[in-house]
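The same chain A turns up in both complexes below, where it pairs with chain B and then with chain C.
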Partner chain A sequence: MELDVMKKKNRKFMLFWIALIGITGFFMVITKYDPIKSFTSIPKAIVWTLTNFYPNSNSIEKLPSILSKLKETIFLSIAATTTASAFALLFGLFGSKTTKINNLLGVLSRTIASIFRNIPIVAWAMILLFSFGQNALTGYFALFFVTFGFLTRAFIETIDEASYESVEALRATGATYFQIVFQGVIPSSIPQIISWVLFMTETNIRSSTLVGILTGTGVGFVFNIYYKSMDYNSASLVVISIILTVFAIEITSNYIRRVIL
Partner chain B sequence: MELSQSKINVTTHYDEYIKKTKYGKIKTKAFNLSNIIINITIISLILLTVYGFISFDYKDLNLFNAIYETFTNIKTMFLSPSISHFTLTDALYQVLITIGLAFLTTLFGSIIAIILGLFAAKNLSSERVSNSIKGFVAFVRAVPTVLWVLIFAVAAGLGSVAAVIGMTFHTIGYLIKAYSESFEEIDEGVIEALKASGANWWQIIFQAVLPSSLTYILSWTFMRFEINFTNAVAMGAAAGAGGIGFELFMASGFYFNVHEVGFITYLILAFAMILEISSTRLKNNYIA
Partner chain C sequence: MELLNINRLSKEYKGGTKALSNVNFSVNEGEFVSIIGPSGAGKSTLLRCINKMIDATDGEIVFDGVSVTDINRKDLRKVRTKIGMIFQHYNLVDRLSVIENVLHGRLGYKTTLEGIIGKYTEKEKKKAFDLLKKLGLKDQAYKRCDQLSGGQKQRVGIARALIQNPKLVLCDEPIASLDPNASKVIMDHLKNINVEMGITSIFNLHQVDVAMKYSDRIIGVNSGEIIYDGTPDNLSEEKIHEIYGSEAGELITE
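So, the complex of A and B:
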């Protein structure tokens, strides 16, 4: 009996691995992924990075123009996150189980958020590029839509978790809907909400690099120019400045989280 | 007179515990560091946003015209999607390629991340090893995925190899953080009991650590698969990785065909939603 169970378990285990290897092989064929080439290219990439990918005196001269584009990207992601979070809070209140006004509005706001979140940022960027062109607002709206979708889901979960008891208590005292929202729900979930907003700001700096490459704006655009003209020294300076920015934002938001949560 | 006198006596008894404003009203909000930081954060985010909107280079854009045109485009996209440069079978095959890129990336990333995650967990490894891995991971995550892919593309050439390696880098960064945090949550007593019975490090890992955090590992991995699908679409468009993202880039950047963009967007949306729903199911079934 014992042995049978073990045999069955082993057989399941074997089947799982065989299936995994089969699927991996299938995908390697259709994506034309060459595993040997990938192994040989990793050391090649490391050697190349060490010998070519560092800033030199020539690239330092370009620092002011990189920094001005970086500034645009940082403000773009902060502006997109802040404005999107205001809308997401409204939709989050409608979508949450504890604060919904009626079921229809709840389902509607959840669906809208889901659509916005699941259309990839690339698609938004390409759609906006048609009429906005190479403009800061192209990146702003692309980031805004995806952030709005993501934050609505996050806020719905936050409001559901944080405030059920306090809403029940306030309702028992006869508080109106607005009193419940402003005295109970928002104060009890604000630390978590701020934490999500900070997380999204950080993520958006990275996403806006991608959007910048596609739409020709911000720091992604300068990287793309240096990269395509094979000025790798300047391109590496762009990467370093992005890393430092992300670190600075991460340290600030970790401090804020430690104090408020 | 006497009644009000007694009332005052009752309140004065508690007076020293009640904080009041200078107008004599009872304070209902406590001012502590946490509240101050929350207010500062909100105010500075709003100020930065306002400054951002003032400082953007709008390049004489006619905003209302652009918004109107975008609405028209979105309407065309979603109400009359069609394909002209490829067939439905081709499109589905391209989606399969994108899924394949996401799958390979997630698989390689999670295997490497489980091994490194064990060394990054404070309760399974030494403080120094753990901190150095976590520092390295923070660095890897700070670089956007697209830049990793483009950096690898110089050595490996544009294509699926560079895309998979570049995206795997970011996946490793993300998953090591997630895995090591779930390893750190394991009950210290279990590990201690195994150690006391003379189990070696590998036995502790395979008999206690991995089985008890398997559900977390699964749901984090699937969540990452969902992110990698979106990333694979993006890499197809921005870094020549192929798949449906590349078709999207061609349809909008080369053919300027809004109908086709609409069709591709629908296709991506459908697959992304399927992944999101299964990911949520998995999370609710195993974690909550």
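So, the complex of A and C:
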């Protein structure tokens, strides 16, 4: 009996792998994917990177202008994240089961958040380009919308997880809605809330580089110009400075997380 | 004098689960009442209907001369300030200090703004410290609640309920998560509150022996219906088995 169960399980496992390999093969044929060529081109890519994609003395001279653009990108993403998180907190409170005011508002805020979250940031940037043109405001709104959608979702779960029991106790003492929020919900969930905001700031620095290429602002724009004018040395310096910035932000936010938790 | 009257109370959850059906009883001032019964019998629902944390489907609850069942928000707030509540999982805000958690018991008396910024009067703070001293937590006042043991947390919960100046204390399984030692400390404190301060107490308890020892009166609930209401002395073995739906020799208390 038990042996049968094991055999059945093994057969299922086999079927799963056969199916997986079948699907992979099928789509490789459709997309004309050549695995041998893709593997052999890896060394070529590495060689190209090593011979072209490094900063030289010429590109170092451009560092001040890169850094000033990088600063613009960082500030833009911080501004978008902080303002979006304020709105997300409000919608998170409405959307959470623990702190909902009524069901209608709950469903509404979850739906809005879901729509904003599920439209990719590049799509947002392209849509907003029509209304705001090529400037920082477009990038700001694109980042704002996606961050708002994502953080609302994250905050709803944080609030539900962290504060159900204390909310119940405060309700029983006769506390009003906003007293419960400020005395119970926020103190219980503030570490996770800050953690999510820091995470989004990191993510947005990366995303705003990408958005910058489209909107013609910030460090993404600079990268695009160098890259298209085949100044790969300067382009590599941009990439390196972005990587270092993201590292620095990550280290800082890890430190902050350790202190507040 | 009658403090609480429950009349034909019924509660049906969405999906048709009947938690309470036709529950009737009244509680006099100063009484110590324990509600016993198996898990899922509707004990928690019954307790939460009293301060309208759960809306009853049918029937009426009158507390201190006020009908709780159809009450407006402002009056409900006033009623809740007069009813302290103590929970199995203490339900403290773990990241705040002990004293802040105790003072939360005053929120029902404050304006929204005062409550948001946590502005308490000197008198309230003094009262909070007095209560902590009485419950043996004087040295813990500035500690964060997540550093306390279960027994200490429950004493903070008691202090939070008492600072409300309640007429009634509802205790939902107050000792179910505590070791026997801490359980006795908590039950003794709660009995003290009842005897010395004259605060009416209604308990949900899992431990029949504890209920027998401390209560003036026991209410036995099974499947949402009251099947025993009387003194602990009159509660026979057969009746206990009827409450828990068990056969002789099956219960751990025997």
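Before moving on, here are some points about what is shown:
The criterion applied here is as follows: the second predicted complex is superposed on the first by the 249 of 261 C-alpha atoms of A that agree within 3 Å, B and C clash if a C-alpha of one lies under 4 Å from a C-alpha of the other, contacts with A are read in each partner's own complex, and residues count from 1 in each chain.
By definition in this document, a contact is a pair of C-beta atoms (placed from the backbone, for glycine too) under 8 Å apart; a residue touches a chain by one contact, two chains touch by 3 or more.
Owing to the predicted nature of the structure, the values given are computational and were not obtained by experimental measurement.
Once chain A of one complex is fitted onto chain A of the other, the partner contacts of A:L214 are limited to chain B, with no touch recorded for chain C.
In the superposition on chain A, contact is made by A:L170 with chain C only, not with chain B. Once the two complexes are laid over each other on the shared chain, residue contacts for A:I78 go to chain B alone; chain C is not touched.
By the touch criterion defined above, A:P120 reaches chain B but does not reach chain C. Of the two partner chains, chain C is the only one that A:Q179 touches; chain B does not reach it. When the shared chain is aligned, no partner comes close enough to touch A:L63: not chain B, not chain C. Once the two complexes are overlaid on the shared chain, A:L137 sits against chain B while remaining clear of chain C.
Number of chain A residues touched is higher for B, counting chain B against chain C.
Contacts of A:S188 after superposition: chain C is touched, whereas chain B is not reached.
Residue overlap on chain A between its contacts with chain B in one complex and with chain C in the other: 190-191. Taken together, the chain C residues at the contact with chain A in this complex read 51, 53, 76-81, 83-85, 87, 89-96, 104-110, 112, 115-118, 157, 160, 164.
Across the complex, chain B meets chain A through its residues 33-34, 37-38, 41-42, 45-46, 48-49, 51-53, 55-59, 61, 63, 65-67, 69-70, 73-74, 77, 93, 96-97, 99-101, 103-104, 107, 138-139, 141-147, 150-152, 154-156, 159-162, 164-165, 230, 233-234, 237-238, 242-243, 245, 248-249, 252-253, 256, 258, 261, 264-265, 268-269, 272-273, 276. For chain A in complex with chain B, the touching residues are 20, 23-24, 26-28, 30-34, 37-38, 41-42, 44-45, 48-49, 53, 71-72, 75-76, 78-79, 81-83, 114-115, 117-123, 126-137, 140-141, 190-191, 194, 197-198, 206-207, 209-210, 213-214, 220, 223, 227, 232, 239, 242-243, 246-247, 250, 256, 259-260.
Every residue of chain A that touches chain C in the complex is listed here, in rising order: 163, 165-166, 168-176, 178-179, 182-184, 187-188, 190-191.
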